[in-house]
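In what comes next, subunit A is part of two complexes: it sits with subunit B in the first one and with subunit C in the second one.
This part shows the complex of A and B:
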């Protein structure tokens, strides 16, 4: 059956009950695939926030200037939270791909070369490995044996937090790719100012580079500039793109040749 | 994702990828059996000295190195197979390519993380004179990475299951039971994510859940998906031949 034939299906009226409505959405909502991705993004970022800020308490990050006894104490103090919290990330961390997929879709809907979309898809599919999972692996390896040689605990601590903050290029180039696509786009898929905001998000990845050199002060990985300002920009950026992707889905005309054309 | 290649060429090429799988299985199985840390899974309870003694036992060291070199060569051979499944997802009667993108987004992660674990094992085995605490560190990172990195596998199974359920056409690309099978194998891998919590019992990296169930589920998934993907590719080939 073609997509056109699918679109011509006559959907019955949704039933009154909540479960019935859900079943109707599953069966007949023409935007189901887009909404499933969008809600997956919502769930992912909520779990991500709860794990990193609540369960593991790795955000805001501990100090880069701590000495070895303090680092060993930190692993002892956070041990159970690190093992359970990052276990949750190891189960559901790759559902972030839904976000990458929906943003890739948004770029495919734009009047730009598909090369922008494929660049974004590949860059962000790669991002989770150095930018999130390597952090979790290092800190879990530390937490599983807190009686390890303190010098090695220090190494795992640095590996964890530097891979998290120091994975810059993927997010830098990825944000620029999406931003430039938005600015070039003539189909008005996303607002132009959000294209500029992408460039702003990319610049935070330039500023954070200091965390690879400095161990204290505003430019360290826990500092006002390298962490707090970055986190504020990233938080606003994430909130904005979730909102604007929702608006994009609401506006989509699934029967339009533009939407059918990217199948 | 459309018009990447002429249909006939693309299907013929897929047969090569498909029939490469049984050959690749032989390399995977051979490496798995050759690595002494898998046949009887290494215990996380070993001390640093015991770990170093295990690595640098003359009976073990060549087997560790050669098995990990072969795994390094062929572990990522899963990617072309997953790409073939992505091509089948792309043929499904969906309204958007979103689920194809979701699946493609998961393809590289699992094999890349396996490759990183493989490198940790090779680094651990590289210098017998190294401090045992460092050998243990890399051994721990290898086992944590190998065992607990199931995120991409779980997500790819769930995305594939959803894609199959939404493939609403009289003769879907994959039968519905394949969706159920994918939904069943995803949770079978989940306990392994918590392997570092315990050094004992089924959750430990050498335990029944984290080692037996997880790796069994992955092996079964690869075999079953090879068979059903093979069927889909041959059917596609037959349909395109009939249409030509």
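This part shows the complex of A and C:
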């Protein structure tokens, strides 16, 4: 019997109440840190979805071709939503790091060079979170004083939505790094097909680059190809990686030399 | 043929038919097929909306170059199939030769595609010129990106063939499957961009 299993075996029986069970898990579950990270991811993506799609209505994005009066109207119309919604993101934005941390952990558990894990960690630490926050800062700045010069409002509008789409390039490389690590891995931490899905996700995210060139049609930032199809693939990909990280934690043997080696 | 049959082309140890290559690769093929199909549907919708403008731009494409590109890619697909067949028969030298032919076809395809783009750019047809050329550069560009990824797959096949210590038939078939997908996607892109009018 492993040390972690023994510790769980010798621990007092979990109480019947929900709060008691939670406290028991907190004290005795050897995978507590992993589960905390996983639930943080779950909370983050739910809040992210509610804020971007519901409160601020910045997703699906408004038209890229709008003229300045329309952009100023948009900031007036969405003002409170932008301020409240992105205020929540300013508080909870750092939760996104849990996803980076757990994915980095999954790569460290694989039989590949640690360079994969460090590359992934650095890519996301330096780019993904600031990229997301830059969108929020630009749009909140516009919403805070919507009576600014319309040309400045146009600048904030473009900057906000382009920085959101622009960070896709980082997700793309991160997806490739994780995908290649899964394909090379011999410890079967994640299924091989998911490695291929990572590559597929990266290839579809290339499409977003077109939004820097065209302001209308399927290749604009609100276009059916550059946004909608890409978002569907990314949505499925996100759901899958959250599910498979959960499965990874469930299977994890906390006493194995590989796990102890990276803890 | 008998040699190939002896080499158990697509049957497992219990004699049942099996899918060539890793089943995981077929997931990628399925996802790519669905994603590209969605691009094709969007293209067709935009085409139907302004058929006249699309036809005008489409007529500027060099059909002959498109046909040559298609033949090259079909030939490379045939040679990668020959590569798998030879690998199954244990003739790894011939398999490597066929693999080199495949890579050569891929390189020629990429070079011709770049030439075609330079011709179109020379005529003043850019990505932002009109909707047809946006789709043209997008679809052919996305496909070319898959061809480049295909070179990595061919590299993996070569790595397997090179040493007697490796030579995993499953990995060789997996690489070939990706190359066939690249070919299959091109045939549809060719039909949509060059032929469908």
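In this text, the second predicted complex is superposed on the first by the 249 of 263 C-alpha atoms of A that agree within 3 Å, B and C clash if a C-alpha of one lies under 4 Å from a C-alpha of the other, contacts with A are read in each partner's own complex, and residues count from 1 in each chain.
Convention: a residue touches a chain if its C-beta (ideal position, glycine included) is under 8 Å from a C-beta of that chain, and two chains touch if they have at least 3 such contacts.
All values reported here derive from a predicted model rather than from experimental measurement.
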Please tell me, clash or fit, for subunit B and subunit C sharing subunit A in the overlay. fit
Applying the touch criterion given at the start, work out whether A:133 contacts subunit B, subunit C, both or neither, answering first, second, both or neither. first
After the superposition on A, what does A:238 contact: first (subunit B), second (subunit C), both or neither? neither
Looking only at subunit A, is it subunit B or subunit C that touches more of its residues? B
Touch test for A:199: subunit B only (first), subunit C only (second), both, or neither? second
With the two structures laid over each other on chain A, which partner does A:59 touch: subunit B (first), subunit C (second), both, or neither? neither
Taking the superposition as given, does A:92 touch the first partner, subunit B, the second, subunit C, both, or neither? first
Report for A:25: first if it touches subunit B alone, second if subunit C alone, otherwise both or neither. neither
Rounded to the nearest Å, state the minimum C-alpha distance from subunit B to subunit C in the superposed three-chain model. 29
Would you please give the residues of subunit A that touch subunit B in one complex and also touch subunit C in the other complex? none
With touch defined as at the start, can you tell me which subunit B residues reach subunit A in the complex? 1-2, 44, 93-99, 101-102, 104-109, 112-113, 116, 133-134, 136-137, 140-141, 144-145, 148-152, 154-156, 158-159, 162, 166, 168-170, 190, 193-194, 196-197
The subunit C residues in contact with subunit A across the complex are 22-25, 27-28, 31-32, 35, 38-39, 42, 46, 127-128, 131, 134, 138, 142, 145-146, 149
Subunit C-facing residues of subunit A, complex: 191-193, 195-197, 199-200, 203-204, 206-207, 210, 213-214, 217-219, 224-225, 229, 233
Counting only contacts in the complex, subunit A reaches subunit B at residues 1-3, 6-7, 30-34, 36-37, 83-84, 87-95, 97-98, 100-102, 104-105, 108, 121, 124-126, 128-129, 133, 137-138, 140-141, 143-145, 148-149, 152, 155-156, 254, 259, 262-263
